[in-house]
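In the two complexes that follow, chain A is the common piece, with chain B as its partner first and chain C second.
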Partner chain A sequence: MKLLKNIALSDTGFVFNPGTGDSFSVNPIGLSILKDLQEGKSEEAIRNRVIEDYQTDNETIEKDLYDFLKMIEQFNLTDYHE
Partner chain B sequence: MSKRKITVAVSGLNNIDSPGPGIPVIRALKDSDFFEIRIIGLSYDTMEPGIYMHDLVDKTYQIPLPSAGQQSLLTRLSYIHQQEKIDVLIPNFDAELFNFIKLHDTLKNMGIDTFLPTLEQFEERQKWSLNTFGEKYGIKVPKSKQINSTAEIHALTHEFGYPLVVKGKFYDATVAYSPEQAMAAFNKISGKWGLPIIIQQFTPGIEVNLTGIGDGKGNLIGAVPMRKTYITDKGKAWAGIALEDETLMNIARNMVKGNNWRGGFELEMIKTDKREYYLIEINPRFPAWVYLAVGAGQNHPEALVRLALGEDVKPYESYESGKMFIRYSYDKIVDLKEFETISTLGEL
Partner chain C sequence: MKKQIYERPLIQRINTGMMNKFGTKTEYAPVSHIDGLAVKDLIKEYGSPLFVLSEETIRNTYREAVRAFKTRYPKVQFAWSYKTNYINAVCNIFHQEGSWAEVVSGFEYQKAINNGVPGPKIIFNGPDKSDDDLRRAITNNSPIHIDHLDELYRLTELAEEMNKRPNVAIRVNMDTGIYPMWDRFGFNYENGQAWDAINKIILGNRLELIGVHCHIGTFMLSPQAYATAAYKLSDLALGIKKKFGKTIHYIDMGGGFASKNTLKGSFLPGADTTPTIDQFAESITTALLNAGFTENDLPLLILETGRALIDEAGYLLGSVLANKRLSDGRRATIMDFGVNILFTSFWYDHKISPAQEFSSYTEDTVMYGPLCMNIDVVRSHITLPPLRKEDHVVVHTVGAYNMTQWMQFIAMRPAVVIIGIDGKSLIIRNKETIENIESSEVMPDFLKKHELASGILK
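Up next is the complex of A and B:
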């Protein structure tokens, strides 16, 4: 999954899609995941990074990460052609 | 740079909850880098707020309703021109455009420049011709047809299904979910704007609009796409945001290239979940939200005045997406004397 190229991410957690005009607010962990996607990291790499940063386990993170990724897909923040 | 002093007449001073484009056009002209502009307002009704906005409008004259015909309009414009020496005239209402287009040559001979679509361009984008227009310029258009009587409504169930959209020939559109609702919408809209009524297939999706200007030679001089982010109960944008939308820009470029569009215009489109674009309307003038284009870096009304004066205008190459507009209401205090003057003398 890739984030659309023109998505603007602010350090405050403000996310803006100039293609649709939609804007969102995410918390620091959400922002870190979006930045990972923008850098082209794989879902597995993101999962491992979050597990390490937040000292948690795979079971805890898997469902939440899946939900978050599905949500940003629904909000048209991901590349349609990917 | 010293600015050239000119006089521009502008209609559409009804800066109300369903606003005309006049005041935003005037604000854009006041921001001009090229001109110092005296604004002459042209009004139809004494309650148009722009008449009393003296910081924007220097003088206002009442003009006859479009139904009074071209001769009556010309007589009035001749008088106004005698007083004011108008350089450029920008009509902003769909309903008045036909008369102004027909008077184009006469106005030109009088020394008044306009920059309007040709009659052919104006007619081929009419709501009842939109399907043909779409086919000609490769733009998807929801199926539509015109009807002239409520007797035709029952047959629509099989032809269109529900919901469908009932539209007036100039303004107003209502989504109807049953034949009864379609009937009520037909009566309400035809009572206000006359016949025909246009029936359009309902297309689910997000409405995205574009304000643009063509130079009459196939070049798109400027264009800014926008999505409404707050909509009034009349379906008008109370807030909106400039978008980055290359597909929509290409649709505008192709249309202007294909028909040599001359003047300002607005494309009203529906973007579906599958990211397909359907044209639901083309307005042959600037929209009321045109000042967003100025805020985003493209002064379309200024470009129109330059084109009207025969200047060579280069296309804008960029704009800033993410710029927003938010309308506000404001209680203007007006002396009774002013209302009396415009009501009795027809000018203020």
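Up next is the complex of A and C:
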């Protein structure tokens, strides 16, 4: 999964989609995941990175990442063509 | 490098909707302790979900209500409304504080007797009183509040049969300017039914009319309605004195004072809109004092306040069973308590606080109970920080009606503990067991055995 190329991310967690005019807010961990997606990281790589950075386990991040990716898909922030 | 504290990744669309000049408060300030005891320790000791009552809050609320009325009127008596919460330990706190009992069934009457309340201090209300209930109340000299003519006639027959003169009051319904007007209990003031009943009682000369009573509604947000009711009951009492030379000993204003809960659909939270007990006291006592009673004839003012005296003292502790995402993207959190034990969630938007620290990020959430029923919704919209499985929450202002209207449905009812003035927790009602429930069931012999044919699943 890849984030749309034109999505703007601010360091404070503000997300803007210039294509639709929609804006979103994310928490710091959400922002770090969006940045990972911008860099083209795979889901597995994101999971490993989060486990390395945060006090969590594989099971928890697997469930939560699944939910988060579903949400950004639902918000039309992902690129289907790639 | 030290790892950061984990929080579920969140993304929320920023909606620019209609402006709200009051703003919306987010309930994410954690409530980790109740009366000094940690929520997680209470759950560890007694299980989850768990009802918790604060003895200190009950006593303080009661004393505050008594002060509000007694500083304005010379003769005041509270009678604890059993149906609001009839766990015996709760009733006895009120009885220790000096409250009588107000009961609405033979079952509640027996509870009051078992709690040691003397008969004359048990007010017997309600439309359902069996002959046995009435006989017992007559024998014990309890004030019987007559609800309908059938009861009046039956009571007259029983008085003759027992050769006793029961103490009675009539229950009066009336227009107090509020909607909906409650007219199903008692006799109507405006159309003359109340006077008809009074005439029958006094001229029949078998029953001793000692009081007049009303119960104008529930969760009343208008103190003025009580002033109207007090004025109309005073008018009846003064009219009885004038017509028959008979002094009415008490005026019972019933219950109905609102608590600090927020009714569904309210624009503002209950804590900001509910009148104070002083406002109710001011309305009622001013009406009574200005009604025209002589000093010697001032009736005793009885109050059957339930909800406003216990709601704030009750908490429900619960835990997260699961999180999920609904088809429209809304977050849903499933709790281990639902409408089965939190019956009041049908009409309140209960305040719910997480019991542990969180960051400032929140998400709109639907809070479901654990029942396999679509109606099991505790809050249809609530803004909460991301809750994880097994996190705890505290539901506020649940002391009234939940511990009497709860259902043994799908799951069993949880324990109730009280945190005493000494800061220690004690069980006042054990968690239900399957033995409790099945002990009332009877299995006929021919249904004791069955043989299920083996199918696809071995």
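As a working rule, the second predicted complex is superposed on the first by the 81 of 82 C-alpha atoms of A that agree within 3 Å, B and C clash if a C-alpha of one lies under 4 Å from a C-alpha of the other, contacts with A are read in each partner's own complex, and residues count from 1 in each chain.
By our rule, contacts are C-beta pairs under 8 Å (C-beta built on N, C-alpha and C of every residue); 3 or more make two chains touch, one makes a residue touch a chain.
Since the structure is predicted, the reported quantities are computational estimates derived from the model, not experimental observations.
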Side-by-side fit of chain B and chain C on chain A, or clash: fit
Contacts of A:T20 with chain B and chain C, given as first, second, both or neither: first
Chain C versus chain B, contacts on chain A by residue: C
Touched partner set for A:Q74, first chain B, second chain C, both or neither: second
Which superposed partner A:L65 touches (first chain B, second chain C, both, neither): second
Chain B versus chain C as contact partner of A:N6, first or second or both or neither: first
Partner chain in contact with A:Q55 - chain B first, chain C second, else both or neither: second
Spatial angle chain C-chain A-chain B, Cα centroids [nearest 10 degrees]: 90
Nearest Cα pair across chain B and chain C, whole Å: 7
Complex contact set, residues of chain C against chain A: 3-14, 323, 325, 329, 359, 361, 388
Residue numbers on chain A that touch chain C, as the complex places them: 15, 22-30, 33, 50, 52-56, 60, 64-65, 67-68, 70-72, 74-75
Residue numbers on chain B that touch chain A, as the complex places them: 206, 226-227, 229, 240-245, 275, 321-322
Residues on chain A engaged by chain B in the complex (per definition of touch): 6, 8, 16, 18-21, 80
